[in-house]
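Quick heads-up: structures coming right below.
Both of the next two complexes hold subunit A, though its partner changes from subunit B to subunit C.
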Partner chain A sequence: MTAIDTPLPGTSDRFPMIKIVSIAIITFVVVSPLFLLAVASLKPDRFQILAEMGSFKAFWVDNPTLQNYRDILTFSGNQPFARYLTNSMIVLVFTLAGGMAFNSMAAFVLAWGRIPGRAIILTAMIGLYIVPQESIVLSLLNIVNSVGLADSFSAQILPFWASPLYVFLLYQFFSQVPRDLYDAAIVDGASPFQIYWKVFMPISLPALATVAILLGIETWNQYLWPLLVTQSNYARPISVGIAGFFGADSIYWNLAMAASVMMMIPVLVLYLMFQKWFVSSVISSGVKG
Partner chain B sequence: MTYPRFRLSAGLSAGALIAAFAAFTAPATAADLKMMFQGDPYEVDAIGAAAKAFEAANPGTSIELIHTPHDSYNEKIGAAVSAHQLPDIVELDAPFLSNYVWSGFLQPIDGLIDKKLLDDMTPSNISQGTYPPDKKLYATSLVDSTVVLYASKKQLESLKIRIPKGVDDAWTGEEFKAILKRLSTAPGVKWPIDIFRGYGTKTEWIPYAYEPLLISSGCDLINRDTWKASGRLDGKACVDAAAMMAEWVKNGWVVPQSAGTNQFYAQGRPAALAWGGHWFYSEAVKAMGDDLIVLPLPKFGDKAASPNGTWIYAISKDSADPQLAGKFLSFMIQDPAFQKAHRDHSGFPGLKSFGAASPLYAPGGPMAVAFEQAAKTAVPRPPHPAYPAISLATQTAFTNILDGADPQADLTKAAAAIDADIEDNDGYPPFGGK
Partner chain C sequence: MAIVELKKAKKSYGAVDIIHDVDLRIEDGEFAVFVGPSGCGKSTLLRMIAGLESVTAGEISIDGEGVNHVDPSERGVAMVFQSYALYPHMTVKENMSFGLRIGKRPKAEIDERVAVASRILQLDQLQDRRPSQLSGGQRQRVAIGRAIVRNPKVFLFDEPLSNLDAELRVATRVEIAKLHESLGNTMIYVTHDQTEAMTLADKIVVLRKGRVEQFGPPLELYENPDNVFVAGFIGSPKMNFFNGTVEKSGIVRVAGAEFPAPFSAKTSQPGSLVTIGIRPEHFDRDATPDATIDVLVDFVEHLGGTSFIHGRLADGERIIVERRDVGDLKSGKSIKAGFKMKDVRAFDAAGLRIR
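Up next is the complex of A and B:
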């Protein structure tokens, strides 16, 4: 028996059927809405989706078609979903690149740099974390408008390069690295940036993966800020694009379902890529995503 | 450690990142005219096509369309107001017009849009775009709206329930209650009526669709002479009307919020009647075909009433080029392709010519009764700057009452909240009260 097969203390395999049934129920509860989403995205008629909702027919499609996907995946037109998807990817990539760099560098300096008032800075940062985005959104909008960044990618990227949560998360991880490692790098003649880049970053992959996933999901699902800051399709992301299928008088369920499936895929890929590190880091750091 | 190579690669990487960032992240270019709007995908397409046609007809002119999802439109407008960046043309929900004009955000459009368009607007369309204190027109639209009753012809005939022939022949309150009771025991009927609680608890649907029931019962959301809600919204007529609706819910006659908005035409037709907007027709007819019939709203008291008002286009006070904005609005609303898109989606006519050219609403058409009802019984929601407070208080009160709260207590609370808002704003001068 491998370590992973060893029952946790206080548990036993005395009721395997109960376990199996419980897991099956939980799986059904989690998977059925996603299955319904996927099935509905293959139905071309929004009225049919509504009429069948609430019955078992909602989980079945007689004549599956990819028409909804063909309809939305365009770069032109007034609701160019392919463009929204591309815009979201651009925002995601640059936010992740900048966010990982800024947050990790700030955390490294806080953990190992000789800076006066470190405790005060840390306390202030934790204090900043509890300020909800909604409360500063109008001030931020005014700043973005006044520097001429309205309706741009920059407006969606720059404000999210620094986050108190991720700085603190990485600070916690960096500050637990043994002092000997740092001292050895100094003796080796490494500069502070080289110690950060060549010593601390490679050994911090679980923490970095956690930050990447959390920041990635947060960026991907952003709604209020891109809604306010984008005016046209030029930089509009997918989250705001999907909401366009919910009209004043009716909801275009067929297109919204196909769009939702498309929106889910990158997050799923991101999670599956970093899943191993993410789980281990969440367990070790106690972070709730 | 190879420091120079490391520095070089780090420098190059950073340079490439900054270059790519700069290339991807430049702001979008500016336009001559900006228009903020919401709407269904077909409206987005229709407005986009109209803008392109206008640009082609007026070389050198560019229009920036700011489409915002319907559910988030108010947040977007609020942010634009805070940032002093309202675009030239703003689409807004008609009952909020007085609030926008009172706040100084809009300018009259009488002299900015085509005389031909002005003359073509239906009385209801004019009423939804007019600010009562100065009686000037601040907004216009191709369309308007109403609420009717939907039913199955076969079902009513099989149960020997009288089918009204027109607005003058509408069911009375007593008759309607008897019909709901009859339907509650009819085979296959799970709920006698859907009043679309599924649209949600914080939704304009509540004051929009339920106010006619109050007005027809002899009351209103507010006294339109004194602009006081206390004594009117919490008066006996309104309390009785709200209690009547609560009784329908208590009897299990109303489709619950959790059942969604498709129970009227879903498989097996669990709901027999639907108290729905004109836009519901295109959904229901797809499933029910010729069996679908459209009926006027019941007449609960001495007079019949129906709602009106929809999303209308106004020109902001700070517009850099109001003449151009008026020219584009006139062009768009009279554009044949724009009108066709709305006609294809059962758009409720706000222009006389559009009504005559819409087979759905023309005499003999399946929705003719809706157009007749609008002409005879439409009552706009209170055209007062306090409407946001009126709407919110009504939404809260009716949600609570239909969930079992005491009608008198909740309507009194709602009336007090409305009056407090008006008092806080010194009566919204020049409104005041008689």
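Up next is the complex of A and C:
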């Protein structure tokens, strides 16, 4: 779609080596821990992993084996890994479904509804975004416990259905849609919900993909909150489950590494699925300023 | 088919009045054009008829039925927007049928109506394209098609040609005129372009600052403007205006020249100030002019078929004279521009026509 034009004078690539070297360094810094993780997950001996950590041997495996993966997937005692993975998936799917619905509906109403005090609501939302989650975690825990949601999936899903950040992101996108498009739908007889669902949602896929990726990653990586609200393996997600490999008296590096690799896969898939829109939305939002 | 009637229609945002007590009646099958400069309220008035803006006071009725509190989709109107306002994620066919699908019409009827509209607008080959794959002119045709499909009593056009290039604008203008001829619906059309207004309208409504200055058939407004604003707005290049003084009964002095006053003696006292208006195209049309005026030529615009001479009168007032044949007229020369008294319009100090 984008044609490559001859660069304008003065904008040509004058320092190709600097560019290549800096990209290489950044790539190394970002990729090496992941590579190290993947390599370590193929080593069966947890003491060997620990011993080699910090030397170049950490980047190499002599006899790669999938034994660690087999172990964690078949293990069912105190660390039912498959259960954790399923739990995380359940939390992810329902948080995404509800989060996308509620955040986008709130954004649509804020952008196009007749709301008295819209500016105040928006200001309050941005204010809320600044408040760190950790500072409200105890009161939130109280609420969850008092409504009987302790150690449940709901406790991990419901609080994340509304987010000031995502409402604001989508609000900004929706409010840039030309007024004529909204009016055309009104004249065509569409109800507010139909305008939201049949016009605004389909044309907002880039913004929605961005929110889906950000919310998905945030949900998948939740640690403190599920650690507090889950007391048993019933609803415990993988992020908390992995911590179980780091026992009080022994640390199962090999299993933790394999589990970490497996934990990354769903997020990677999610990102690759929405990457096209994610990138395009970043670009177009840049152009629109 | 419907009469659109506005009775003391008013629109205010807070304390600011945008539309002041507009009284207007658009007949069944009439092509009415709202025209006026930016910010005159013409689009707001159209949106009030569409139901996209509420009416602060007064009443709007369509087909004899008050519609102040009727939803836009229930008013029997269809609207074509300046920006086309096509749904970017839908194909041409989906765009045109959206309203009918929302209204849960039977599929056969939807297909039939879309097919008819597509044939009228030559959109048959483009049914499965998305708006991004269409040219500006095609997009505007789809927008018009979307309106036709709704089978409305009244078509509303909000500056539909403004985003098109000059050639396409003329072509689409002709198409809209033909469409009106074949469909026969009441149409209301908003534009700031007086050429569009003159060529399309059965009735022109000239608006300024939320008030109707004058309405009537195009030639009526051209020949008999009620005030300086309408006289200046209708016609291109605009009418020349000169400051004049009533010398004595029946005589007006303009830039040193004297000629008989184009109004009855009793409407103006000697000594009172008047504005005299003569259209550029009304100079030098007759071999025996009633009066002439001296013009110092500044420059000449050659349009091929005709030329516009831009110049100044003895007192420095600007004037444009249209002539078919200017020879090698150069700036700095002086010419005599002749005119007939029947082509002269006069206005009082408040800008109102005196006859």
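Everything below uses one rule, namely that the second predicted complex is superposed on the first by the 256 of 289 C-alpha atoms of A that agree within 3 Å, B and C clash if a C-alpha of one lies under 4 Å from a C-alpha of the other, contacts with A are read in each partner's own complex, and residues count from 1 in each chain.
Heads up, the rule we're going with is that a residue touches a chain if its C-beta (ideal position, glycine included) is under 8 Å from a C-beta of that chain, and two chains touch if they have at least 3 such contacts.
Keep in mind it's a predicted model, so treat the numbers as computed, not measured.
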Inset, instruction - For A:Leu224, select first, second, both or neither according to whether it touches subunit B, subunit C, the two together, or no partner. - result: first
Inset, instruction - In the overlay, answer first, second, both or neither for which of subunit B and subunit C A:Ile126 touches. - result: neither
Inset, instruction - Determine, under the contact definition given at the top, whether A:Gly189 touches first (subunit B), second (subunit C), both, or neither. - result: both
Inset, instruction - Please work out whether A:Val269 is in contact with subunit B alone, subunit C alone, both, or neither, and reply first, second, both or neither. - result: neither
Inset, instruction - With the two complexes superposed on chain A, say which partner A:Asp249 touches: subunit B (first), subunit C (second), both, or neither. - result: first
Inset, instruction - Mind working out whether A:Phe47 is in touch with subunit B, subunit C, both or neither, as first, second, both or neither? - result: first
Inset, instruction - Applying the touch criterion given at the start, work out whether A:Leu149 contacts subunit B, subunit C, both or neither, answering first, second, both or neither. - result: first
Inset, instruction - Look at A:Pro178 in the shared chain and tell me whether it touches subunit B only, subunit C only, both, or neither; answer first, second, both or neither. - result: second
Inset, instruction - Figure out whether A:Ser232 sits in contact with subunit B (first) or subunit C (second), or with both, or with neither. - result: first
Inset, instruction - Determine where on subunit A the residues touched by subunit B overlap those touched by subunit C, and list them. - result: 188-190, 194, 198
Legend entry - subunit A-facing residues of subunit B, complex: 1, 3, 6, 10, 17, 20-21, 24-28, 34, 38-41, 43-45, 47-48, 64-72, 75-76, 79, 82-83, 85, 259-263, 265-267, 277, 279, 282-283, 286-287, 311, 345
Legend entry - Touch list for subunit C against partner subunit A, complex: 47, 50-52, 71-74, 77-79, 81-89, 98-99, 102-103, 146, 150
Inset, instruction - Could you please specify the touching residues of subunit A with respect to subunit C in the complex? - result: 178, 180-181, 183-190, 194, 198-199, 202-203
Inset, instruction - Using the touch definition up top, name the residues of subunit A that touch subunit B in the complex. - result: 45, 47, 50-55, 57, 77-79, 90, 94, 97, 137-138, 141-142, 145, 148-154, 157, 188-191, 194, 197-198, 223-224, 227-228, 231-232, 234-235, 240, 243-250, 252, 255
